[in-house]
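Below are two complexes that have chain A in common, paired first with chain B and then with chain C.
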Partner chain A sequence: MKSFSLLSRGTGVAFLAPAGLLIGAFVIAPFFWVIFVSFTNRSLLGRTAVDPDFVGLANYFSLFDAATFFTRGEFGSSLILTIEFVLLSAVVGQAALGMLLAWLLQSVPKSLKHLTETVAIGAWILPEVVIAFAWFAFLDYENGTLNMIMEALGFPPGDWLLSFPFWAIVVFNTWRGTAFSMMLFNSAFSSIPPSYFQAADVAGASSWQKFRDIGLPLIRGHVVTDLILITMWSFNVFTPFLLTSGGPSYRTEILPIYTYRIAFRDFDFGKGAAVGVVVMLINLVFALFYLWVMRRRAKGVAA
Partner chain B sequence: MTRYLGLYFTRIGFSAATALIGVFFALPLVWFIFAPFNPRAELGLSIPDPFSLANFETVFENGFAMRGLWNSLVQSAGGVILVGAGATLASYALSRSPIPGKSVITYILLLFSSVVSGSAAMVPIFLIINGIGLIDTQIAVILVFAGGLLPTAMFILRDFIDSIPKSYEESAMVAGASPVQAFFDVALPVIRPGIVVVVVWAFVSIWGSFLIPFILLRSSEKMPASVAIYSFYSEAGTPIVTLLAAYSLLYSLPVIILYLFVSWKFGFRFFGGIKA
Partner chain C sequence: MRIHLHAFWLSLAAATTFASPTISADLSITCRCVEGGVNSELAAWVKKSVIPGFTKMKGDGVKVTLTEFAGSDEQLTQQLALDFSTGAGPDVAGFDGFLIPSFVEGGLLKPLDELAGDAVTKWDGWSHITEGSKALMSYQGKAYGLSLGTDVRVIFVRADLLKEAGIDPASWQPKSWADLLDTARKLKAKKPDSFPLQINAGVPMGEATTMQGYWMALLGTGEEVTDDKGRYIVSSQGILDTLNLYKTVYVDEKLGDQRAQLLGDGRNRTFANFRDGKTALLLESDWFYRSVTASDSEFAVENRDEVMTWAKMPAKEPGKGIRGQDFVTISGGTGFVLNPNSDEKELAWELLAFMNSKEQLAEFQKYEPRIRIRDDVEIAEAPFLAETSQALLPLTTARPNDAKYNAVSAEVQRMTEAVVSGELSPEQAMSRYREAVIRIVGEENTVSLL
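Moving on, here comes the complex of A and B:
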């Protein structure tokens, strides 16, 4: 039987039009535009601002120039820095800490659970500028909360943003983003039937054994989802700019900040666009993988 | 017996570890909770003595700061209206009309929106906005946000509408309503909770964001609060901490209130891995 449809095709198209126009202009068009601009020497000012030349792959050659690839402040160095940042702050930091926290929360008193969740979610939902400023105060050399604690414990104070800028943004991003993994794993753990754990208790299993043999295998699908999403977010995050502006001497210049500097400080839009294309390609790999995982799950192939 | 003792100690150990991690999350926020009420606030942590609202008076008297909040409101409201209306119409069409390849459309849009993210898109978005002559206008910020948030909003809402039985609208149409009437009078009231979630999510996203207004706006009187605060602490030689702390709290209030509203009304849930 042909299903009776509520909207005619024409009305459907009309309903789709406003969203379609906006998405077309500000999502789809930028995708192709950035590829086009990456083959030109477009700049903000001067002749090439209005009449850019086609330069072929010159921008890409300059990004992947072996002579400067590892020089600090150049693309290659920034790419490596970004990969380290994502591995440490997202995969190790957010996912592992979120997993640990979610597991701990299964068996702590309700009040402690709510309190911990509240502060972690606070770190996640507050506007990024506010969070960055709070961290600025937290890490301040003269009066910062962290140095206050260090001194109280008998350790020497540190000028964290100057001496350990990279670790500062790694810890910052871990702190900022762990709530997502925590909540995802928490809801995954609570959906496991309690009888599984009760049976393990009767058999005398330790908490680690329960985690390894019951908890983790049953939420494997959620772990994959979590890792893809937080990797993508951390790979694109601009927030560390608010804390360090990419400095000192490019030591925290992850790719989004590098792109900003090339395009909006040096006004080299062509090269900035080329970086954008590389970032998009990496995003594409992750996004395709994510959609593939989601579709498999929607079809009930994987847990 | 020993097993119960073991479980007991595990519980204590777990609680201690949780508390320690909780402290790690709380510490950077403690300053942010006290400083706004401390008229002599510095970057250092101290309990305000006495508690005072003087810092807020300073904010209310600062025209630039207040204009920042107003601009944030204009930009967020504008973006939310476009996202809410656009996503509702579009996802209703995707759910109820016979357009071929609807699932594919939804997935492709979602794919594009996650690939064309802030850092990859900043150059072309700037150039497109520059090309249509909208640089340094609030409408540019609104349009860019609406475009960027719409695919995800449509994805969430379509899921929601798919779960509503078609029989509601069908019976209205049997009774003589036109499809458009059935949409406005029958479907829309049922979809409203889904729209609220999308609207809150879009509002929080726009309200808190920094990069897009930072690259699209030039003149200080159009800047939203996020860019205004940043210029307070990055460009002023010594930041006026009292003003910044109180302003940060005022600026965060809508996000906190909306979060509480959503978790009270709907329970805090995940919508396709979306940050709400």
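Moving on, here comes the complex of A and C:
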């Protein structure tokens, strides 16, 4: 089979070379460098900064040490926290809420639909730092908006960031990311021919029946895509740091914050790199699963 | 014609710039100092006295800028460590002396004489600086920077609140932890929603937790963080007593503001509590008097000279403190170091030496009176400083001059946080500390006294 080409093979390679070099220098080389560092006790301060020792798998053993695995502030506890965070804020929060909003938007007046979309997109495009400070002001114990509302309604004020830190970041991430799922599902629903729903209306189907038997099955592929993407994003999100700094007492120290603390607050580069490698492997699993699903969809199996 | 003239002048200007590169130089200083914010006096002194004075001395070619760093001490440490390791950063940097060993071992600092040569060894200032003051910014006999002075730690007292509770502030001096707690209980009974006692704890306050809180209690049990052979003590009655004191104050009796120990901006909250009369007894460095409560600061205390006094920190029981003392305190020193990556090392040293010249330090006294490291700088007329230093310098202690101390100190902060948050019991927290310190320094460098 002869393939079409605008340029000769040599020219094509020459044009790609600069990009390839940059990717090599800034993506591939650091990747292997991190793997290498994870086998050493390299640090930023102290003797091991200048003269690190090769420690083999010691960093990995310390991450998966059964004696401390579940202790708060250690790798295992942070991993479990991250999984809970992803399940609650991404799968239940962003995806389910996004789905609900998208479904409800199908049957409301156009103006209300546009308004909702605008607000949701607004939440999505604002810079992370701005959002975090807004939430901080909202949840503050002494002068926070939420507590003012609580008191106005006759409820006792809550110390949200100290008493319920984990729920604070779950709600925060849900709020932050629901717009994406909503928009994705919204456009997916819009692509279903209206005649399907009209026929169901004639047959007297309820909204739930239409959703279960027509809406959901037809957008299944989008749901899978959405779930994989938001799972990956939430797994790697660092923004909760701006809200709680991982505290109090590590109760919101999800993996990205844990990695940051080990590497850039304790300056333990070796162990930090080991965490990085484990996180990379987990992400690789997500990515492979995503590619597999996309390929199935491209072949028309899942869509 | 006009355009030609322009071009002529421009190229002439360009030519002069290229022809004489040695004349112009830029220097930068960074410190945790913000005019109107933290360490306001330091920022004002550098901007209004040091920089104009130095540029006047060196001529127009030299330009000095001050970067006012508004973050926490820990954030500045983080920034400097990453800057120095990548060849970036300011030429002259504000620095806490206890970090010098770990930076030196990490290859991030170089001795002053290695950086700027003869100019350093021949500096006339050395003859006015005692060995002890020099040691504040030295490691293994080599000076890496110059300290602005040393400090001591005391209990700052709100006399007005004590009077309200029927205690005579003039004669108030606790003799033991029990005395201290008794007073706190009386104050708490008088005002149930106040937090009479503040002993720093937790991770967010960083080294202020270790220095102002943990050390001040631990020394009162007769122990230090290390033993006399330099081994880190990882389990002992002293550590347990200290953690139990924290537990009494923050968990069992709520004598202190537990939230302030756990929140990111906790230390500022403790300052605000003192300013607002919610806290009557607060352990801090004399920096609290010199800078935090000074009249133009955010946490200035109204009628300071009437309502604010101080007392010595007692040992757990009389005579049970370190070296058998009845009262304890600990000193540190902050100052400035040179960035080994500086393009203008000699010039940077000249700036550092200029900052520490007799004239500039005398000028600094007008912004912030304190005891300076040079013996030829007059001691400021400040009764508070004279009294505290006279009473406490003979009793004082210093942190271990050790590259691992920084990492161990972070574990101390985690241990106290686990206790004051109610997360772990003192025994559990100490056993976690033990494991962590063994990981950091190796078991052979630790000792268990239990």
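For the reader, a short list of remarks on this structure follows.
Convention: the second predicted complex is superposed on the first by the 299 of 303 C-alpha atoms of A that agree within 3 Å, B and C clash if a C-alpha of one lies under 4 Å from a C-alpha of the other, contacts with A are read in each partner's own complex, and residues count from 1 in each chain.
In this text, a contact is a pair of C-beta atoms (placed from the backbone, for glycine too) under 8 Å apart; a residue touches a chain by one contact, two chains touch by 3 or more.
Not measured: the values here are computed from a predicted model.
Annotation for chain A, partner touching more residues between chain B and chain C: B.
In the superposition on chain A, contact is made by A:162 with chain C only, not with chain B.
When the two structures are aligned on the shared chain, A:41 is found in touch with neither chain B nor chain C.
Contact with chain B, but none with chain C, is seen for A:128 once the two complexes are overlaid on the shared chain. When the two complexes are overlaid on their common chain A, residue A:245 makes contact with chain B and with chain C alike. In the superposition on chain A, A:120 makes contact with chain B only, while chain C stays out of contact range. Using the contact criterion defined above for the overlaid structures, shared-chain residue A:267 touches chain C, although it does not reach chain B. When the two complexes are overlaid on their common chain A, residue A:50 makes contact with chain C while staying clear of chain B. Of the residues of chain A, those at positions 245, 264 touch chain B in one of the two structures and chain C in the other. By the touch criterion stated above, chain A contacts chain B in their complex at residues 4-9, 11-13, 15-16, 18-20, 22-23, 25-31, 33-34, 37, 42, 97, 100-101, 104-105, 107-109, 112-113, 115-116, 119-131, 133-138, 140, 142-146, 148-149, 175, 178, 180, 183-184, 187, 201, 204, 207, 225, 229, 232, 236, 238-239, 242, 245, 255-256, 259-260, 263-264, 269, 272-273, 276-277, 279-280, 283-284, 286-288, 290-291, 295.
Taken together, the chain C residues at the contact with chain A in this complex read 74, 78, 81-82, 85, 99, 102-103, 105-108, 203-204, 259, 262-264, 403-404, 406-407, 410, 414, 417-418, 421, 423, 432, 435, 439.
Residues of chain A that touch chain C in their complex: 43-47, 49-50, 62, 68, 71-73, 141, 159, 161-162, 244-245, 247-249, 264-267.
Remark: chain B residues 3, 7, 10-11, 14-15, 17-19, 21-22, 24-32, 35, 42-45, 82, 85-87, 89-90, 92-94, 96-99, 107, 109-128, 143-144, 146-148, 150-151, 154, 166, 169-170, 173, 179-180, 182-183, 204, 207-211, 215, 225-226, 229-230, 233-234, 241, 244, 248, 251-252, 255-256, 259, 268, 270, 273, 275 touch chain A in the complex.
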